[in-house]
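Some structures are shown below for you to check.
Look at the two complexes coming up: chain A is in both, with chain B in one and chain C in the other.
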Partner chain A sequence: MSAAVPDVKEIWNGRIVEVTLGAGPDQGGTRRTTVTVGGQNTLPFLHFEGQMPHKPVVAVEVRDQAPDDWSELLVQAWGDVLSDPAAWAARAEELGAEVIALSLDSAHPERGDTGAKEARSTVRRVLEATGIPLIVYGPGQPDKDNEVLVAAAEEAAGERIALGNCEEKNYRTIVAAALANDQLVIAKTPIDVNLAKQLNVLIGDMRLSRDHIIMDPTTGALGYGLEYTYSVMERVRLAALSGDAALQQPMIVTAGYEAWRAKETRTGEGVPAEWGDWRTRSLLWEANTAVTLLETGADIVVLRHPDVIPLVKQAIEGLMQDSPVA
Partner chain B sequence: MALSGLAIYKMLPQTNCKECGFPTCLAFAMKLAARQVELSACPYVSEETKAQLDSAAAPPIRLIALGRDSHKLEVGNETVIFRHEKTFYHQPGLFYRLSTALGDQEFSGLLDQIASYQVERVGVALRVDGVAIQDASGSAETFAKRVAQAAEKELALILISADPAVMEAGLKAVEGRAPLVYAATAENWEKMAALAHQYGAPLAVRGKDGDLEGLAALVQEITSKAKAEDLVLDPGTRGWADTLAAFTKIRRAAIKKNFRSLGYPVIAFPGEGAGADSLEMETMLAAQAIDKYGSLIVLDRFDKAALYSLLTLRQNIYTDPQKPIQVTPGLYEISSPNADSPLLVTTNFSLTYFSVAGEVEGSGRPAWLLVTDSEGMSVLTAWAAGKFDAERIAKAVRASGVTERIKHQKIVIPGFVASISGELEEELAGWEILVGPREAIGIPSFLRQMAA
Partner chain C sequence: MSRYIAQAALRGANLIVREAEEMVEAAIAELGPDHPVAFINTAYYLPVILGFTGLEVTNLGDLRKAMAHAKRLLNSPPSQQLWLPYLGETLDAGAATLLATETIEGVRFARGEQPEPIPGLKLTGTSFTSPDSNGGQAEGGFANGPIDDIQLRAWGIQLVDGRMPGFAAIVGAARSNEAAVAIVRELQKRNILVFLSGNVNGRSIIHQLQEEGVEMGYDTYIVPFGTDTISAIYALGFATRSALTFGGMSGGQIREILLYNKYRVFAFVLALGEVDDLKYAMAAGAINYGFPVIADTVIPQILPTGVTSYEHVISMPFDDIPGETDAEKARRLVQRCTEVRGVKIKITEVPIPVPYGSAFEGERVRKADMRVEFGGSKAHAFEYLFMAPLDEVEDGKIELIGPDFSEVPEGGAMNLGILIKVAGRKMQEDFEPVLERQTHYFVNGASGIQHVGQRDITWIRFSKAAVDKGFRINHIGDILYARLHADFGAIVDKVQVTLITDQQLFEEWLTKARQAYQARNVRLADMVDEAAEEFYSCTLCQSFAPNHVCAISPERLGLCGAYNWLDCKASYQINPTGPNQPIPKGICLDPVLGVWQGVNEFVYQNSHQVVERVSLYSMMQDPMTSCGCFECIAVVIPEANGIMVVSREDPSMTPAGMTFSTLAGVAGGGQQTPGMMGIGKYYLLSKKFLYADGGFKRIVWMSSFLKESMAEELKAVCEREGIPDLLDRIADERTATTVEELLPFLEEHEHPALTMDPIF
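What follows is the complex of A and B.
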């Protein structure tokens, strides 16, 4: 028995730009593996409709000093390595991280106020301890971001690292550092299609080529605005596939950072019994935030808990299987 | 796709008699296309046109009800592919499967836990919608007993058996309860459809491995020969990508092509997924079903933590993007503030509120948070629309009664509205207006500096 079912394939004119993170010895770097994301000309994982040549990848967050405000669950899971970014990054790689997302948190004026020298040293140590590509985040304070990200860009020259966050208020310095050292930038905007587009255009005006830009449309956690992120990312991706060149960058989402800010993951006591086991809830809070964002077009998912890494990778593997029937 | 106004116009008498209340047949047709008026307003329309227009006006995805009265669950009737295009209307029903292989104690224990689970989030009570009773032994007697037991709870029901005799025993045990009959297949559809018809129950139709041509043909057989109309589709996929592809194709065929044979709600079994050998994988597959077009989701592992994450996700995705959830305006206490704790003001857009409240909570410093009625708009949008100005803030301060609870007269306004501080000083005589950070993320360090 068989009935004629209308063809529902969409024809998209646009394609996401391919961006490669990391450089091996033959490209002037020292990475054992590099990562390429983007290149798809269809909505996420709809293999019947178009190509998705590169799978989304898992990045793992590493900080340059032990976090003092992380959930006890994270502290226990990582243990001693939290106080040594090189050991932490190496451990993350062992656990399946495909990219390290190193946060130079100690450069924040209130959390250590370290400078370019320390940033260089941390970046160097993490590069030496791992063979996978690197993203380096500043502390999120414009002056210090400029200082340490320029240092990181110089120190990692040839490695094709990504510098974040590159925002409207500070993009010039960071884009200049990327241009000077052939690094990538992470262009971050606050949950808005037009702002995302505008920042990509501004960065493009500085002549950073499109294959050096990853966009961060800003993530919300499950229960904390996830639906806004979800719809903005869907709209960004639909516009990109419809041909809007200024939105055709791969997307990075900080699912771990967001999920572990939620009360559900931070607190194990004094919460309703219906919330269930703290650890199970927290892992699934992060994993379901990640899954939902993958469904909207995330190309790089930054995670925090070691046990969520294999879960999200298993989901990605399942999503990349091109079924011959469906 | 629904008919355009022009297409409808061609089927109307085109006499411009005005008896429908509109000046021309074209104007009436436009209103019909927008579904703002009933066709019956036209006294001269032909029977043939009526039939054609009725079918065009039917929702592209049929609304299906499981159960009756207080345990009624409605799914389907969706009109868009992406929630930002309008909204998703009927959130998917979450079910737990209970097998007849379970012992008495285990069965009752699980059933009680499922039925009594309730949790509140953003002021809404979240619950499990129902249970699916799985025939594991082929015993009609056991099946009927378990189904009857489940029917004592305020839950919607799904009956799962491949054997029509067992199915009938279950249906008999809960007559009038309209459980979902799972499932009609190419092998047994005649008997299953007859049962569903006889007992007034909706019927699930199960295809194989995502073969939608086969599924649509089976649906056509059932709707034309068995007169069963309240259907739910199971394309037979169980993994990640194949399920996403099948559900997406079904949704698109129904909504974009108005393809009737696939215009029904869809059921998912994440616990049967390839690789769903753990609670985590089952829950993540269920998350995909919530994100992408699942209407009924049958879970196998009851776990409160996993359930809470899915209920939260469902609430997120099925929030109407046109009407964001608002929080009630008023004075909120964060981390038990005292008379010296700082006072912050923000708008009642839920995301704004949660961001600000979350950061204040995360800072470890108690504070008073005054939430004004900005009609659910964020700070900048509300300010631009005149819903978050000095006058409104001053009014909210006075109405909140905060002056009796704090000793100081200082208020922190969001950095984005720094420009109103002068006006606010005039409105709130004697108060000191402090300009806070633009983004909520800056609040912890702002509060630290304030205290220093």
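What follows is the complex of A and C.
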């Protein structure tokens, strides 16, 4: 049966940069495990075509104060730990998280307005409670982001944490803090290949080395623009593999955050019966969003619901199997 | 390069190197070579020595090696570069001086003589980050000495992210205590970090500030290093460590460290009072870092640029600075310092009594709500932005010449001239109209203020509500000053605004402004593609048309109409990594079609290897792609051997059988579609408009909106084409919406396209 099956393999001349999150005792940190992503020279999971040396990983979102706008399903699933970031992070690690994505939400001027001191203490406590690498997000308000992320960067010196989000209007302070303390940054841009590229270039101009940058191309949830963000990520990855060095960074996506904004996950009542069981629907909504984005190149997916962690990890395991080509 | 400075610096360097060497030997004889040497609270050893040599000094013996290095620099052979005969040696002598002075401070630390005791000096904030500083004595009595690593990081982040523009290393003493305070206050106002050292005849600026009760210390961003010139080395240690910490460099990478400082650390040396040989030698050391030296006394200047970004050494005698008071002189002195170093001023808020933001841009002020108007039917107003040399613009000066509107009855009108004088190292005359046009957006951002028009048809209205809140004519100047700095800081260093209501002066400037407008028109007309070295790209629309690239030339603006060649040129200056990049034209492959090798290469790369060839002057062969933002669509009408141009404003049916919106769906998306192309409406006026396809005479149908809104300009084009009534021979939606109606119209009017070469 050697009939002419065309060879569809592409030879790419680009490769994604390898980025390592977390540092163990031998590198000046305290992490029991570290995570390396990137390194692939092919589109996701095309093992027959190129190498994908590192599997994508699952990060779990932890907030420094109990969220007041989260779905009841999430609140029930996590229970008491929601009010204690250290306990929450430890629980997430037990449940299979490979990275903790800590959000310093209480620093937001309208949600607590806490400062550098509280940020340091939260970061310290979460680091002590877990052995996996850490991402720290600011509250998304530029002045406060600067304040708490600089503090977090200093507090976690040596731990090789990632600081987010670095955005075009506000990347300088965060990059400077990363430079001073040898941390990574998450470069976030609004669903646009050129803006993503530009921000990477600007960060590179500040001399942060490429193995310290992870990009967040911004995504949508299933049913809420997922297709569009999928194709933007795909274009980012295609450009990277074609040799555009400014786009060869691993990508992180906040699938949990996006999925739990959807009506389908937020609402359990007053919806058509054919939508089915609320909980099942919601978990699948988050898992589906995450897995779809993995297939377009996500290297780190940030999840919310504890029961979605094993679903996504299982999918990753399956996708990482070397599928034989007939 | 001044021979005088070179000689002084070499003398100073030789002396200090010898002195340092003697000190090292004496200390070794007394304490032994293993006696420890360390600056407090730093992981960077003796940072300047580390940076220059890679040497990690930990004891007195190591200082011998540093001195050996310094001596080698003094013995360097004469430079081969004849055009700057002394520069090489002087810079090397400066470097040797830095190594020697740091060595001296190292010895002093080894002997416990640093930080320097200064009776009565108490530093603010020092104890927090450097408990060991102040000589370990909370009561004070000591200069700060070197800055510790924790403070370096805190300030370093601000220096790197731009919140702190740079630092000033002040050496010596001001001519008076008042002048000392005024200079430091001016620097503080600009968020510039102040380092103090040195003296003149035993009197230091540290003493002066101390006497005037100025608080010094980390908290006030004023750091007294010591009262001798040698302690100024700590400023360069700080600079070196910035590069090591934030630039990811390691010891010994001196070239990288110096370049890092030149391009990223906006520091300068302010030499107050007499400049002796050692100060010249230290100054030569600072120039290595790209830090210029400004002296308030008469010294020879070094103007040619090269090592520093602009001038190297500037003399600005304090007595000769214009100004009534020391404060005013200080302001000008500091202003000059920031110019010479290229420090940019950051302005975040627009200081006016009404809310400000782009949300107010579309606001209208109705007649009934209006307090006063400038321009319109009852008065005249104009706005005129022009560039001037740096020393002829007083930054931040906003002046109203003539009466305010208080005498004007409610709802009345008066004349107003807005003169905006700008200066900048990167400013070009070509940017004048680009910046001037921004006046519209800037002024409109104020709540209750309406701005319409431009040039001498400007029309501004102030609402009663805005005036009640205190808005006055001067505030237009405040807005322009703040926004030009904030948005165009990359090209504008200084902005001065004069608002004229005085009748005579108004007439005078209106005449001048009109001459300038005319000159600009001529210049625009003269700008042809052949004359430009580079075209510009615009890839702003790739977010929705991923492979679309606009190639913008002087004679073909972007299809959206929003970006012409000059806009792109300015945009590139402001944002060098942005969507408007220069495209080197390269070889012209076809002057008729408008094909250049450079354009093809750029478009191929940036369309992600999709578009291989683009003709700038044809819609038939390799036309430019269209994103979707086009003002008009040009479409071939084969039956008429011509093209039609439909404007976005035109909802009617066209002879192509499709409306604008249907056509847009076909033309957009970044595809090359021969026979169909999006264009900016001003491209219609260009001599290069579809030059290869027959030009303007090919147009057989045009939306009446275009005919009417651009009547004057189109008339001129028709005359240029040699058929003055051509516009009347072109059909529009009122005369033809089908090909069947179009053809008889064209025949009846003897449209030239009918007898032109076949378009296919």
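General observations
Methods note: the second predicted complex is superposed on the first by the 321 of 326 C-alpha atoms of A that agree within 3 Å, B and C clash if a C-alpha of one lies under 4 Å from a C-alpha of the other, contacts with A are read in each partner's own complex, and residues count from 1 in each chain.
Following the convention adopted for this analysis, a residue touches a chain if its C-beta (ideal position, glycine included) is under 8 Å from a C-beta of that chain, and two chains touch if they have at least 3 such contacts.
Please read these numbers as outputs of a predicted model, since none were measured by experiment.
On the shared subunit chain A, the superposed partners chain B and chain C overlap sterically.
In the superposition on chain A, A:202 contacts chain C only, with no contact to chain B. Contact with chain B, but none with chain C, is seen for A:283 once the two complexes are overlaid on the shared chain.
Using the contact criterion defined above for the overlaid structures, shared-chain residue A:12 touches neither chain B nor chain C, since it reaches no partner.
In the overlay built on the shared chain, the residue A:235 is in contact with chain B and with chain C.
With both structures placed on the common chain, the touch criterion links A:70 to neither chain B nor chain C. Of the two partner chains placed by the overlay, only chain B lies in contact with A:275; chain C stays clear of it.
After superposition on chain A, the chain B segment that clashes with chain C is 419-427; the remaining candidates among 95-103, 311-319 or 419-427 show no clashing C-alpha atoms. In the superposition on chain A, chain A positions 235, 238 are in contact with chain B in one complex as well as with chain C in the other.
Residues 82-84, 117-121, 186, 209-214, 216-221, 235, 237, 239-246, 248-249, 252-253, 256-257, 259, 261-262, 273-275, 279-281, 283-284, 287-288, 291-292, 303-310, 312-313, 315-317, 319, 321, 350-351, 354-355, 358, 361-362, 439, 441, 445, 448 of chain B are the ones that touch chain A when the two sit in their complex.
Put simply, chain A touches chain B in their complex at residues 1-6, 8, 45-48, 69, 110, 140, 190, 220, 222-228, 230-231, 234-235, 238, 261-264, 266, 272-278, 280-281, 283-285, 287-288, 291-292, 295, 311, 314-315, 318-323, 325-326. By the touch rule above, chain A contacts chain C in their complex via residues 146, 150, 154, 172-173, 175-177, 179-181, 191-195, 198, 201-202, 205-209, 235, 238-239, 242.
The residues of chain C lying in touch with chain A in their complex are 153, 156-158, 160-163, 245-248, 260, 539-540, 542-543, 546, 577-579, 608-609.
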